[in-house]
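Two complexes follow with chain A in common, the first pairing it with chain B and the second with chain C.
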Partner chain A sequence: MSSTLGISVSEENGVSVLRLNGSLDANTQNNLEEKADEVIQAGASNMVLDLDEVTYMGSAGLRALHIIAGKFGGADQSERFAHLKLLNPSAEVRRVLKTLGFDNYIDVFDNLDDAINSF
Partner chain B sequence: MTDAALDKLGEIREFVKSAAHNYALDEVPISDLILAVDEAVTNTIVHGYKGRGGAIQVHFEFDGAAAIVRLRDEAPGFDPCSYLNMDLKDALEKDTPGGFGLHLIKKSVDELSYRIPEEGGNELTLVKRIA
Partner chain C sequence: MLQSAPDSVVSKVADIVETTSIKAGETLFEKGESGTAMYIIIEGRVRVHDSDLTLCCLESGNVFGEMAALAEDEVRSASITAEEDTTLLRLERESLFDLLSREPAVARAIIYTLCQREKNIIDDVTRRSHKVRSLENELEIGRKIQAGFLPDSLPRVAEWEVAPYFRAAREVAGDFYDSFLIPSDGRIALVVGDVCGKGVGAALFMTLFRSLIRATLLSGDLVSWAAGSEQRSGDSPEREVLDSRALLHSAASLTNNYIARNHSKASMFASIFLALLDPDTGSLIYINCGHEAPAIFNDEDITRRLEPTGPVVGMFPGATYGVEQTALCPGDSLIVFTDGVTEAVNSQSEQFSEQRLLNLLDRKDESAAHLVARVIAELSSFTSGVDQFDDITLMVVRNIHKGL
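And then the complex of A and B:
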């Protein structure tokens, strides 16, 4: 259960897909925010975070999601989170999302095509 | 005993996981306990020691019915139990929401208690019942 986070970026049908592997905690939160910011500054208007290989996510990870969604702009949280989707979080990560109410704002998918087509 | 530094969070989570594994405890409640420990330690590092480092002790025990983690540090006094439950919806609408860590701690364990040791600092006890 190391505290490192790997991030790879690809574009699929005009959607930026960030594949994460490792832990998303207070030590690695900035890594994700910086990479997401880089991708958004480069012109991304929609983003999928592939969490299939995320072994741990705490509140720092959810703060990162909140900050990334905010970078897309929008009048309210629903509008901002419309540009950010999650893919294949583990059962543990899903529990954290639910405990903090993020499941009311952010869509979660089990299939990349469905996530991309949802925009 | 370990350094209170963010790059130690993974080690601390692994310590609790390994300790629980020695008792063959159910993974689901242990993952909740690990989450709470991580959040509490992060608060100590960021808010207690204000990122300047310090020491933190992590003690694990299993009493037959519950996994118990005791965290002890030398930071200024902070009692997380005294904080009221947050309004999640209200927090999420803010540009910079806070309090998520405390909320997760409270929702992830069955009992949470705080005391100030004689020598000062903080001692937080997190209890997770194992079915």
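And then the complex of A and C:
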């Protein structure tokens, strides 16, 4: 069972937007972390993950969010998640975020402008 | 290859080869392609690989491609990509066979090269087999030690049944369950957890999560054992309820804060359901830390879902956890499960799903152990022919008091 995750990167108003396409799971978690790392190393200070075309996200995906948020530095949780926002998760991905309690820590938006203006 | 061959032979070889070159990064051929030529490296360096896995690198004087060239219906057994600009001599099968039939010295040189290669391969396989065996031994030790972090036996309490099920996807697991009596409190602890990920990393953290929770819930007893006293406190029942709630809360928040503060770099977390059951009254106080909602059910229906009361453990320092209270009345059962059950897939990649699990629950007069066996049988038949992907854990607790 081999899953794939496509990632395309763009920059909008100084914010790096990573558009994900496919399954964010244990097989693809590293791809996202590596791509995010690349973008952050290149100087990104704020990031939006567009989850519109993410078909599945499990606990490995949430772990990736925590790891990526940590790459921006910051001493406490609110700082940790200040630089990473989510866009357009499916109802099922929202359910996973809520079940695991991530919804209180990471901001989720329905449109890109709101996400970009929130930084 | 032709080191031992006389100059006359070398010059004959030179007559039938053609020089070719590949640029750094260029792939000469891919594994699985058919090919009829062998190559000798004049200058440069190539990588022999299978997708991302590098098997070896070859340099000036080395030969490759001889297997496909010599065996007529062979396909390339590995891919070749230039590490730097490389110049090669290319020798086609027809010319090679022609040369071999005319020049025994060349044939001997090639047989010698192949034998050397075979010897290296055998040495390598032997070395790797020893290494694999030693790693397997290590994993087996790990598996045995980890099994010791699951309870040997469950508390036996009159009029209650507790039936667990646990099956790891690999040798070691990230799931765990626990159940034990807390002597100072008189309640039974029920714990089911799922550490994110699988394998050794998850297993190491499983031992930590499980131990911190157990140690906190038993802290009163551990301290009094240390002091040589096992007396239960004589407080009023209301006072006891408060203590149990505080105890449960401290188990969740201490474990959470400990792991989030001391192991934040690992970004490891666990979803954990933990509860204290009063076997006399059926009262159940619980915290659900980001875990799939357990269900309470009777002969007829699912009567309650125990939704999350806080986030997963180990991720967010200072997180708050709500302590909820419910009850298991006579005839009621509680089922706690991990997503290894609901997300198990069949050969069509369909998930077993929570709905399928819940549909199996309301049977009359079935023991907890029977129910667990029936659910696992259904799950096994559903996933038949597919490798188990995630750890699978279930716990069913049933109140078998006769109704009032």
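In the analysis below, the second predicted complex is superposed on the first by the 117 of 119 C-alpha atoms of A that agree within 3 Å, B and C clash if a C-alpha of one lies under 4 Å from a C-alpha of the other, contacts with A are read in each partner's own complex, and residues count from 1 in each chain.
The rule we apply is simple: a contact is a pair of C-beta atoms (placed from the backbone, for glycine too) under 8 Å apart; a residue touches a chain by one contact, two chains touch by 3 or more.
These numbers come from a predicted model, not from an experiment.
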Joint occupancy of chain A by chain B and chain C, clash or fit: clash
Contacts of A:Ser59 with chain B and chain C, given as first, second, both or neither: both
Which of chain B and chain C A:Gly101 touches, first, second, both or neither: both
Residue contacts with chain A in the superposition, chain B compared against chain C: B
First (chain B), second (chain C), both or neither touched by A:Asn111: neither
Which superposed partner A:Thr4 touches (first chain B, second chain C, both, neither): first
Chain B versus chain C as contact partner of A:Asn27, first or second or both or neither: first
First, second, both or neither for A:Glu92, with chain B first and chain C second: first
Touched partner set for A:Ser45, first chain B, second chain C, both or neither: neither
Doubly contacted residues of chain A, that is, touched by chain B and again by chain C: 1, 26, 58-60, 62-63, 66, 70, 76-77, 99-102, 105
Parts of chain A lying in touch with chain B, wherever the complex brings them together: 1-4, 23, 25-27, 56, 58-60, 62-63, 66, 70, 76-77, 92, 95-96, 99-102, 105
Chain A-touching residues of chain B, taken from the complex the two chains share: 6-11, 13-14, 17, 31-32, 34-35, 38-39, 42, 45-46, 88-89, 92-93, 95, 97, 100-101, 103-104, 107-108
Residue numbers on chain C that touch chain A, as the complex places them: 194, 196-198, 264-265, 267-269, 271, 289-293, 308, 310-312, 315-319, 339, 343, 345, 349, 389
Residue numbers on chain A that touch chain C, as the complex places them: 1, 26, 58-60, 62-63, 66-67, 70, 76-77, 98-102, 104-105
